[in-house]
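Look at the two complexes coming up: subunit A is in both, with subunit B in one and subunit C in the other.
Moving on, here comes the complex of A and B:
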């Protein structure tokens, strides 16, 4: 049953990935002619034609597209114009940096959100609850690029405590992760708090109280498990957002991830690399979604596919 | 039987308010009662009478705020419950005072196995030390009558039937042999035969352990079976209390008398004998079936489930046909097919000569106008944002040929008066009415299109007893005045006896017996009908107590 389900999901996702790649293929080609960027301004017409021929850009667009599809079948994703090597290699090389960032940010923000949200829901209206609500609302609604730039100004330029950009030491991780965490943390706290409050009012919590269970076990044992489903839905959604490349944050902090690579490749009309980054992230998002579905099953015995 | 005992729980002058935006609402008003070990106290009252709030305070389950215990003392075995801290409360709850609730599915955590949830009682009170908890849980499940407890212990609540879920709740409650078990409408959500089993189980457990039982119910039959003493609550006050037999045979307070009078006379025959209806055939159902395919498991083939299996019957004009059966017997599936809400697997149904299942377009619309439905939950079947005028005139909006628009308002008023409401009610919204009034509105809406047949699916089951009878009287009055026919679906035998001309008994999708109402009740032929009728409980004081039951 479960394998059949994953099979069906894979099949449906494959269709949407092909649709997506088609769209990307044509859209990238609307950005302009790469030879205008890659050859010197005064290069001759012959040189331009030679460049086009070399990279298959002289063919009509539908022929280019069919070639692309054909190559896809043999797992040939094209060559990067800029780096002159396999485009998929370039994409896969940049991906781990993004994944690490996304994984750490989402894990930390979910964990913190569950703890803070659950504690706030346990005493709704208390000072702690109001403080948490205020912080989460601020986190969810402040633009990340603004926080990032102010962060650089204060902690890197002002106090000189943290590096402005790049990778290398542990210190390089701090600002990108904190900036990436803000929005997920803010949203998730609201979700955890809201579902916890309604779950805490549900009849089986009354049963647990009538059994004489400890308050902490009621909150973290009975209520939390039931509140997790909507939390996972939102967290999964946010994860796909981060995997997609935290474009703004990666660009600001010069983080060599897939988001930065995507932006660079679009600017440089490196079509094959743009297509490859999209393919890689699409597959990653598909895997995240399957993982979420499986988590549902693990958390709620009533859900079966 | 327990007169010499001292009370284990004594409640004096309890008053509880609920704080709302306006003035606080007084839910419980100066209530006093006590219960002794081994005794069963039944708190009888309709919804909103404050019965659950008063027992909820005993276990500290009322959240304050919005709840506010204004005054009163609650003494349990020498301890004052009203100034207990959280830890002290925890020591009593589940160990010395336990509780079971109305809807066991909602009161069990859906994501944990029942075994784990029962085991939590032992763990919460550090009672797991004297042996493996799992064995004790299996023993408990066995005691409350759950078959194959060794495997069922690892099942989740949704994999049990309603009756079994209530048994799980009971297992949880009696795990540590409490002094008091509070049962809050424990059988209201259950079928009548299951209800009898659960009540019997509670009685047996009480005899075994000598615990006091406080039973909250609105059901007079349940009260009669279980009670040693009864207190009757109305509007947050205790209006009558005394020995069960005295309260039943000689009700003192006007409210109690009204409540008793509302019960359809279970044993003494119907109240409105009607001559047999001999009109023309209005509805003829032939070999109606509805099958569903169920997914059985990972590798097993699909199983065919026969919700309705080869059902045939005839309904004459002006007649009321009762369809009775327990949940899952296929009663509602029949109603849904006859209203063209679901399609049948096979069979025909002729309404005034036309096959319902072949109607299309205009003809179907015309049919819908002539057949209306009244549902179980009037609140759920009304758009909360529409006022009563809009709700009742909606059939007129759909069927434009009934009345010119200018006359709709008059018609709404006329219909409201017909069902015993007032013209000024037309501008209010559903939430401003009581349950009984809402069902009247639902009936007015059903009448708006001048139907010939009204299908009532458990139309009074959600209502309080005294309101049930009022609605039944309204329906039977309308039957006379408007010449209506009813298909009356219910699990409630006394109600069907009071209202139906003929009765169809269903079990597992099949009709097992069909007869004139009185003949069916007087001499049920099919074993299932006999079982169903004998499951209607008998008062405790008429049952001869075995000598060894005295504690």
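Moving on, here comes the complex of A and C:
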């Protein structure tokens, strides 16, 4: 039953991915002629024509598309115009850096949001609840580029505690992760808190209290499990956003991820890399969505596919 | 238990931090932070800033080197050059030079390198400097080559500065990311995060003080400046004016870029010289200079001082709104449609405060009675207006632009801007075309005089454009380095020229 569901989702997602790649292929070609960006501004018309010929850009667009499809069948995703190597290799090299960043940020922010949101919901209106709401709303609303730059000025330049940017040591992870998790944490705390308040008012919680069950067990053992479905939905949505690339964090902290690669490739008209990055992220998002569906089943036995 | 865990975590973090900072401390190693990731390391693309700053004169070396002070070619891998007829030059090559892979540097290697650049099998940005010239190379003997062009090349020795000689073992039919040259450094690694160069023991010249250079890239100027301040990096070649706050480490230098507005002279009212002069006179240049920093220099021509053909005596237009209004009134009386809307096309991010400069200029032109409207475009759209063929259906327009010439000769400026065939030119003036052709064919003092005459003519008589400022770059250099930027810094940072204090 479950395998059948996964099979159907895979089939539908494959159709979506092919449609997406087709759309991306034609949309990228609408952005203009890459030779204007690749060659020096004072290049001759002859040089620009030679560039187009060398890279197959002189062919009619439908011929280029058929070539692209034919190459896809043999898993040839094309060459990066900028980097002189296979486009899929470029995309796959950048993707793990984004994936690791996204995984750590979303795991930490979800865990902390569940703890703080649940505790805040246990005593609505208390000082703790107000403090959590203030911090979470500030986290969700403050622009990440501002936090990132201020963080660098304070913790790297001011106190010299952390490196400004880059990768390589455990310390390099701290600022990118903190900046990246602020927004998901802020949103998720609000979701957990709202759902928990409504669940804690349910009759079965009142019954549990009447039976003398401990508060911690009521909150984390009974109410939380029933509050998690909307949290997972929102966390899943945030995860797919992060998998698409944390462009601001990647740019400011020099993190070699797929988000910055995608934006740079769009700006530079590196068509094959744009297509490859979108293919990789689309497949990853499809896998995340399947995982979320399976989590629903694990958390709520009433759900069947 | 809890205390033990905290101690373990604190210890791990401390060790991680120590490992990171220790890497930046090795005395003869430098870390350089660039503003952009080099897309590739193809030696044929060293005129591209972020490729040239890593490769040029570090990994690969040119046949000649342009002296930044005089703009004249000096010996590189070529030691002497003689013009045997207008189309032919004989080049003597340096002896005792080896490539980093052990291959010998000789006439065959030079022939191979030039043929690789001109074959069309590799996209070669550097060849743009040669225009559409066809070159034929012959090895005369082991250390002499003859270069013949299908058209006269009076400045071939200058052009040889973009010919980067690569090992004959380099693939001739595809671009590479692992260049092998004759320079004092060889490529050690190139990843998405860093490029590392290490000293080449078999280098023919003087041994550099630096043994290893690591390059990283951060687009944010404030981050690059912070990296030098904290000691994570030793040098960053390009920071914004607002980040250049420390006189001890931040150096301003004339960076060979000139900002300007191109006037599309093909449309009324811009086809009238009075309107073009009025456009130049209507700008409060002192006020506008506030946006470009105290060190920026007012420009009267599209090439900076030190470039052959630059005329030091040519004075820039001065602000005179009354005279501008009078010229517009005179043109109007003569039937010129001065009320026609003129589109001012700016480019987002072209240089710091570029959009603010366009808004200010638009307001100043409106103030003298011209109907100017600003449109800001992204680079892709803007390029359509910069290069021929220009977009169909465009009207009278002014284009924000910036031009870089650090190659020593006005030949890299004048033809593209002012001859009717020039890729940026909106001019169609037969007399000017002839003057440009004559200047391009001339040599020595005659060449200099002819270029100067053209700069004077397009400024005083034709007012074909609106030169704004010769731009200033700011570089932050860590206190342990002995090095200062110059006009070539935007295209190369030779590590051999960097000294270490103490």
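Assume the second predicted complex is superposed on the first by the 297 of 305 C-alpha atoms of A that agree within 3 Å, B and C clash if a C-alpha of one lies under 4 Å from a C-alpha of the other, contacts with A are read in each partner's own complex, and residues count from 1 in each chain.
Keep in mind that, in the parts below, a residue touches a chain if its C-beta (ideal position, glycine included) is under 8 Å from a C-beta of that chain, and two chains touch if they have at least 3 such contacts.
Computed from a prediction, not measured in an experiment: that's the story for all the values here.
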item: First (subunit B), second (subunit C), both or neither touched by A:225; value: first
item: Greater residue coverage of subunit A in the superposed arrangement, subunit B or subunit C; value: C
item: Which superposed partner A:54 touches (first subunit B, second subunit C, both, neither); value: second
item: First (subunit B), second (subunit C), both or neither touched by A:10; value: neither
item: First (subunit B), second (subunit C), both or neither touched by A:299; value: first
item: Touched partner set for A:107, first subunit B, second subunit C, both or neither; value: neither
item: Partner chain in contact with A:83 - subunit B first, subunit C second, else both or neither; value: second
item: Touching partner for A:208 - first (subunit B), second (subunit C), both, neither; value: first
item: Shared subunit A contacts, counted only where both subunit B and subunit C touch the same residue; value: none
item: Of subunit B, residues touching subunit A in the complex; value: 59-61, 86, 89-95, 98-99, 101, 103, 106-112, 120-121, 124-125, 156, 158, 169, 172, 298
item: Of all residues in subunit A, those that touch subunit B in their complex; value: 1, 202-204, 206-215, 217, 222, 225-226, 299-302
item: Subunit C-touching residues of subunit A, taken from the complex the two chains share; value: 31-32, 36-47, 50-51, 54, 82-85, 93-94, 149, 152-153, 156-157, 160, 162-172, 251-252, 254, 256, 264, 267-269
item: Parts of subunit C lying in touch with subunit A, wherever the complex brings them together; value: 12-13, 16-17, 19-21, 23, 37, 39-40, 42, 47-48, 120-121, 123, 125, 127-129, 131-132, 174-177, 191-193, 216-220, 222-223, 226-227, 229-230, 232, 379-381, 383-384, 386-388, 412, 416, 423-424
